[in-house]
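One chain, chain A, links the two complexes that follow: it is found with chain B in the first and with chain C in the second.
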Partner chain A sequence: MKLNVDGLLVYFPYDYIYPEQFSYMLELKRALDAKGHCLLEMPSGTGKTTTLLSLIVAYMKAHPLDLTKLVYCSRTVPEIEKVMEELRKLMNYYEKEMGMEQNILGLALSSRKNLCIHPSVSKEREGKVVDGRCYSLTASFVRARHAADDAIPICEFYEGFDAHGKEFPLPPGVYNLDDLKEYGQMKGWCPYFLARYTITHANIVVYSYHYLLDPKIAEVVSKEITKTSVVVFDEAHNIDNVCIDSMSVKITKRLLDKCSNSIQLLETTISNMKENDSKRLEKEYKRLVEGLRDATIARETDMALVNPVLPSEVLEEAVPGTIRTAEHFVAFLKRVVEYVKTRLRVQHVVQESPAGFLRDIHTKVCIDRKPLRFTAERLASLIRTLEISDLTDFSPLVTVSHFATLVSTYTKGFTIIIEPFEDRAPTVSNPILYFSCLDSSIAIKPVFNRFQTVVITSGTLSPLDMYPKILDFHPVIMTSFTMTLARPCILPMIVSKGNDQVAMSSRYETREDTAVIRNYGNLLVEIAAAVPDGIVCFFTSYLYLETIVSSWYDQGIIDQLQRHKLLFIETQDAAETSLALINYIKACDNGRGAVLLSVARGKVSEGIDFDHHLGRAVLMFGIPYVYTQSRILRARLEYLRDQFQIRENDFLTFDAMRHAAQCLGRCMRGKTDYGIMVLADKRFSRADKRSKLPKWIQEHLKDTNCNLSTEECVQTCKRWLRQMAQPFSREDQLGISLLTLEQLQSEEMQKKIQQRAQGI
Partner chain B sequence: MDDYQTCPKCKTTKYRNPAMILMVNACGHALCESCVELLFAKGSGACPECKCPLRRNNFRIQLFEDPAVDKEVDIRKRILKEFNKRQEDFPTLREYNDYLEEVETIIFNLVFDIDPTNTNKMIDNYKKENKDITQKNRNRQSQEEMELEELLEAEKAQQCEKANLYVNAELEEKKQKHKAREKLIDELMFSDADAKSIVASHAQATAALAKEQPKAAAQAGSGVVKSSKFSSGIQIGLRGHHTNSFLPIPKQEDLPLYRYTAPVFDYDGPPPPSIEMLGKLNYFANIRAANITERAGGYTEAMSCCRALQEAMGGLFYSPQSTHKTAVLATISTEDTDDMETT
Partner chain C sequence: MADEDEGNEYRWESGYEKTWEAIKEDDDGLLESNIADLVSRAKRKRAALKATGAIQLGMMRHLFVVVDASACMFLQDLKPTRFLCVLKLLEVFVHEFFDLNPISQLGILTTKMKRSEQVTVLAGNQKKHIEALQQLKDLSCEGEPSLQNSLERAMNGLKNMPVHSSREILVLFGSLTTCDPGDIQKTIKSLKENNIRVSIIGLAAEVRICREIAKKTGGTYNVLIDDHHLKELILNQVQPPAVAGSMEASLVKMGFPGGTPSVNDGTSDTSADHAPAYCLCHIESDTSSLMGHNGYNCPQCGSRYCELPVECKQCGLTLVSAPHLARSYHHLFPIKPFIERAQVRETPHCFACAKSFSEADINVYECESCNQIVCLECDLFIRETLHTCPGCASDPITAQMKTN
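Showing the complex of A and B:
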């Protein structure tokens, strides 16, 4: 249908629209008009993706000069594919309505692993291996050697692309990963490089977060994207953690040992080269003396090594004299690695600021801050000069060089923590150095500064005001949309006590209490008896899950449970978990019914949807706080408190509640769906926790359902399930939660939408 | 850890003898402590590996896994004591970098025993030439070091301050909560008023307190520089303290109160109908009505109509003589009239 969104003609590829989708478009358009960033929360299952796409495409068509590109960041490959499907639907609709080919090019980009069509390289399983092998076939010096000697293998697909691909741009259309591969096969061009080349002139690019947020990758892939782009981060409730991870480095003993090996390899290569072909080293040396930046950096295939973000004034400067020649640099690396090794030889936990680390490295091994800062850059240059084609061995050394560069560049917002052993196994020595980023705004700042509009959206972003604080930006629009529903199809309840009136809570003091465990068990058994099909349970940690399950065995609760439903358990092993999931789905599909016990923050809680009969009820046993004794977390909390005035408890609660909401949201994947959400912890009913749930859940959480016992909870469930089991058709929804074009344009609905916009 | 460390002489490993300590001397070869005692009982001797003469007191505990690094660091420290020029001592960065490389080469040569005579000569030369600078630099820290020191000190100070502050604040908060609860219970016990109203007033008081708290927290953490712009580049009021602060009220000075006087407008024409009258006089019949989006911005068709009428009627009575009403106006308008006449 064609919509008028505040004066903008929007083609919407469906015949019906949800009211909140329309409101979402209104808000999004305002943000685009203002050229500012926005933060939008809309429940999962209400068609965020298609709403975003149709509005932004319409905006691009209407204002081709103001908005030239859409960069859509998603988390996983399946999600990217889903976005591409929606986009294809939209473009088909445009074609049907306008009656001609659309001049819009949309494509997905993923790693080489997903895009390679080289007959042998593409067989590799591991991403790093594929990258390394690709590099060894396509690096510029390999190709130069091939020109001299035909026996040296190169990738014919890359050659094809290099010879012809740049003259003929990809014809307009929508290309997902498979389409790209197919197109590459047909033309004999490398799909990966084709996609990377096409990014600069494509209208819509869909790829993973890391291509923008990880400074190491963003530098190469996303450098050329214009300012007049809109960047969308979908499912962005964890965006702060992604930012932090992309800037953090973890160094183990094993990694350092591998580093020593690669340093030796470097040494021998240098001495070989000195004997045979000293010209190249001289050339590199001269270039460094002159302070010129590497000219070959422009060559796209030589991308495997890049440096993390450096202030540009540093990049302009010449490499310091101490590490200019190759041998000196290798000796320098050796000292760095040996120094870090000595640091790992600790008996107790050490926490240090980057400044402290720099001072110590200066006194111990006489390394100044400046050469440290150039480590990553210098290493990249050296490896290029040495023409080492097998890069996989060097990744540990690259990690250390990144660490060196980062630690000497940033004195604020980072901390160094050295742990001699893991907390869980204090007898096994396993020293790890964490160089941990505490400030999520560091990684995302360039994105906010560079693009005119950044949209951060997810089903669960509550409480909204936390994100601008921790990401340190000022959105022009910050809105949470609820779901308009024709019937009360979610039933959130807070169960605070068992039938014996013992309070249920996963508090540390009471969680091992048999009464609490038994009450949790009884709750699950009774719900399993009342609720049909699938039930998903979330625990706060794997450890807690295991202790509870073992006590349930002793108490006979498992037997009772299996009388009603089959039982599946998520484990830390991904393969085991996916097997359990497959069988869980099978059991739900054939009507046997099943219970899945899983863990908040685990794989199940983060990307697997339990729509309709796969998840009729979600039980959240306890509040999923993070492991608060972790030193990295402690350091981050302290930093947040000092820099952003966020109190520790506020952040912990925020983090716990967003994960809880994420878990609860698993069972609601659309408006025809219905599900029970049980929050089994006394503490959920407190105002500070309750108010942090997303608005669309809070709306249905009545005060009467906030302090239930097991018995009361089951009674409420039964009544509600009977109501939900009534036939429900599209006609029931029409006009309330689903609108036709006429209904949307009706005065009454417009008024409602206006009110909604003002009420926010 | 480091279980595989072995003494090259007696072949003891760290695994078999956890108390083993490896030592290194100037030549960069390791020996375990007991071997050192045995071989160097006289106070001096030759290294069992390279046969170079060593003194016993020069043995130090090996710090790094690779004894060669120990040796290098040792030499480096020695050399850097002499070669301590700073960037400030050089006219250009390029020369400084060349100097750094030279130092590095000297160290490298010493470590690997390349060309020892020349290297030593170079060192001696340097020592002679740069005695003054070396002396001077020894007593002063480089800029970089100073920066680091400052940073560290600032960190320390901040930590002390913050730790106390937050602990106190939290304690205070807890106390207050406790007090409030006790007060409520007391009131409920002894007061004659309606229980509901007591609870309600109590809830109000706590809400007010809760509102105040973030402010206090923000004040505690003030001094942190925050960005002062919206993402679209618009300035945010007065940042730095906290977001919902008002602009400070400008200081009033004792001036005579402002009095409004209607501006006199030299219109030179028949008065146009007022904006309210336009509709009644049926002027809108000839004008495009404003559409919905235009109205949203506060625009009505009366505005443009009124302006058109003003423009049409203004200046109808104009004649060059009658304009010389005031001196100020005249100077401006004469120029205009001149232009008019010429065109």
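Showing the complex of A and C:
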């Protein structure tokens, strides 16, 4: 249908629309008009993706000069594919309505692993190996050698692309990963490089977070994207962690040992080259004198190793003299590695700032800050000069060089922690050096600065005001939408005590209390007897899950549970977990019913949907606080307190509640779905926790359901389940939670939508 | 929730209620009154669907009723227990079933301890079924039920029934789990191949596999809200369903045994018909083997039965009497659905029950042919029980026309 969103003609590819989708469009349009950033929360299953796409495409068509490109960042490959499908639907609708081909090019980009069509390289399973082999076939020196000697293998698809691909741009249309591969096969062009090349002039680009947030990749892939773009981060509730991870480095003893090996390899290669082809080294030296920048122009395939710091921080200077010659640099690297090795030889935990580290390295091994900053660039240059085509062995050395560059570039917002052993096993020596980013705004800052509009959206972003603080930006729009429902299809409840009135809580002090564990068990058994099909339970940690299951076993609760349903447990092993998941789904499909015990922040809690019968109830045993004894976390908390005035407890609660909301949201994937959400901890009923739940859950959390005992909870469940089982069809939703065009245009509804949009 | 009409139980016996919630104003369209509304609308929709004539109905039905007898049937959310409540309603059902479908047959199964047991075989004798149901009351409920086993067993009983009959299974399922020996999807497939329709009534909550079975086999799946709703759901099954596509229309051979000797009109009667003989219904039970003069003789083989309708044990002929067929007749010519209208001032009361319309009756219903207005309750009553419009029947002209 065609909508009028605040004066903008929007083509919406469906016959019906949810009222909140319309409100979402209104808010998004305002943000685009204001050329500012926005933060939008809308429950999953209400068609966020299609709403975003249809409004932004309409906006691009209406204001082709103000908005030229949409960059849509998603988390996983299946999610990217879903976005592409929605986009295709939208484009088909445009074509049908306007009766002509649309001049819009949308494409998905993923790693080489997902896009490679080279007959042997594409067979590799591991992403790194594919990257490495691709590099060994397409690097400029390999191709130069091939020109001289035909026996040296190159990738014919890349050659095809290089010969013709740039002159004939991709015709307008929607290309997902498979379409790109097909097109590549047809033309004989490499789809990966074709996609990367096309990014610059495509209208819509869909790819993973990392292509924009991780400076190592963003520099290569997303450099050319214009300022007049809108960037969308979907499922962005963990965006701060992605930012932090992309800037952090972890160095272990084993990694350093491997480094020594690769340094040796470098040494031998250098001495060989000196004998055979000393000119080349000299050439490099000269180039370095002039500065690094111009050396790499127009060599896209060579950019396998890049600088880990943000573009603005890279110095536009020449490389310092001490590391210009290859031997000197290798010696320098050796010193760095040896120094880090000595630092790892500690008996107690050490925490220090980058500045302290730099001073120490200066006094101990006489390394200045400046050469350290160039380590990453210099290493990349050296490897290129040495024409080493197999990069996979060098990844440990690359990690160390990244560390060296980062530690000397950033003095604020980072910390170094050296732990001689893990907390769980204090007798086993396993030293690790964490170079940890504390400030999530560092990595995302260039994104906010560069693009006119950045949209951060997810099903669970509450409490909204935390994100602008920790990401350090100023949104023009910040809204949380609720779900309009024709029937109350979620039932959140806070169960605070067992039938024996003992309070239930996962607090550290009562954690081991058998009464609490027994009450948790009884709650699960009674819920399992009252709720059909699938039930998913979340625990705060693997450790807690294990202790609880073993005491349930002793108390006979497991036996009782198995009378009603089969039991599956998530473990840290990915293969085991996916096997458990497959059987869980099977048990639900066959009517036997199943319970899945899993862990908040685990694989199950992120990204696996339990829609309809697969998740009729979600139980949250305890509040999923992060492991507070972790030193990295404590350093981050301290930093947040000092820099952003966020109290430690506020951040911990925020983090715990967003994960709780994420877990609870697993069972609700659409308006015809229904599910029970049980929060089994006394502390959930406190105002500071409750108010941090997403608005669409809070709305259904009535005061009467906030302090229930097990018995009361089960009774409420039973009655509610019977109500939900009554026949429910599209006609019942129409007019309330599902609108036709006429209904949407009715004055009454417009008024309601306006109210909702302004109500926050 | 409709608490007012549960006069037969004490307040404390019923489940947990939060009475303060029931009276809450419903302004955002989210509370329970909305669901009651959904239910009543669905009811009318069903009724309307049935009334859209010209569909072929399977009037000759073979139905297996499967009763869950697993541990969960001892729960007391239906009074006195789920099991007893269900049995009691089933008695009503059996009675109504044979009343409306005199030429049909019924059998009863139970399922518990992962097995399925046969209580009565397919037969047309309602007394026997009701007796069996009463005996079931002492059965202890234990273990888990097995949907697959009971469906398989019912299927074996139904497989060999003639093609022109409608084969059905009705499951009263209290449990939320089923413990099956194999892949239930295969069972569903063969049910479909055999043209067996499975309807399920859930007693607790929506179970996906039940919905799937019902959907794939063309039956219905409903979950009760309370015991009144359960009664309604069970009695809905009394109406013969529309025929599922492939069933072919065919002539059925039936026998109409002669009348009793007191009505001696002498047409088909011979003296042999009234000779003292054992009736075949009771010949197996030695305690009550009555030898009498009265009864119905099969016109084909001459066996004696003391009740109709019945399938002749000797020659397999269906024996009925003319009134039985007449009673099935209204299924074929249902009255036209009434038209829903907004309430108007001119007709202040319902034509059928003379109740004056209140604010609560938003919609009233008008008969197409006589233009009389009735309320929702009367509309449903006329459709489901009376099968004739009181307005048309009281008008001498239309009534005359109809009989002609």
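Annotations
One rule holds in what follows: the second predicted complex is superposed on the first by the 752 of 760 C-alpha atoms of A that agree within 3 Å, B and C clash if a C-alpha of one lies under 4 Å from a C-alpha of the other, contacts with A are read in each partner's own complex, and residues count from 1 in each chain.
What we mean here is this: a residue touches a chain if its C-beta (ideal position, glycine included) is under 8 Å from a C-beta of that chain, and two chains touch if they have at least 3 such contacts.
Note that the coordinates shown come from a computational prediction; the quantities given were computed from them, not determined experimentally.
Overlaying the two complexes via chain A leaves chain B and chain C side by side, clear of any clash. Between chain B and chain C, the partner in contact with more residues of chain A is B. Legend: residue contacts after superposition of the two complexes on their common chain; A:732 is shown touching chain C, with no touch to chain B. In the superposition on chain A, A:227 makes contact with neither chain B nor chain C. Once the two complexes are laid on top of each other via chain A, the angle at chain A between chain B and chain C, using C-alpha centres, comes to 140°, given in steps of 10.
Of the two partner chains placed by superposition, only chain C is touched by A:588; chain B is not. In the superposed model, A:431 lies in contact with chain B only, and not with chain C. Once the two complexes are overlaid on the shared chain, A:448 sits against chain B while remaining clear of chain C. Of the two partner chains placed around the shared chain by superposition, chain C is the only one that A:486 touches, whereas chain B remains out of contact.
Once the two complexes are overlaid on the shared chain, A:353 sits against chain B while remaining clear of chain C. Per the superposed model, the minimal spacing between any CA atom of chain B and any CA atom of chain C is 21 Å. Judged by the document's definition of touching, no chain A residue lies at the interface with chain B and also at the interface with chain C. By the touch rule above, chain A contacts chain C in their complex via residues 485-488, 529-533, 563-565, 588-593, 612-613, 616, 704, 711-712, 715-716, 718-719, 721-728, 732, 736. Within the complex formed with chain A, the residues of chain B that make contact are 1-2, 63-66, 69, 72-73, 76-77, 80, 93-94, 96-105, 108, 111, 144-145, 148-149, 151-152, 155, 158, 162, 166, 214, 217-218, 220-221, 224, 227, 229-232, 236, 293.
Residues 15-16, 18, 21, 29-32, 34-35, 38-39, 41-42, 72, 77, 144, 147, 176-180, 183-184, 202, 204-210, 222-225 of chain C touch chain A in their complex.
Listing the residues of chain A that touch chain B in their complex gives 7, 34-37, 253, 260, 289, 291, 317-322, 324-325, 327-328, 331, 334-335, 338-339, 341-342, 345, 353, 355-356, 358-359, 362, 364-366, 368-370, 411, 429, 431, 448, 452, 454, 472-476, 641-643, 645, 647.
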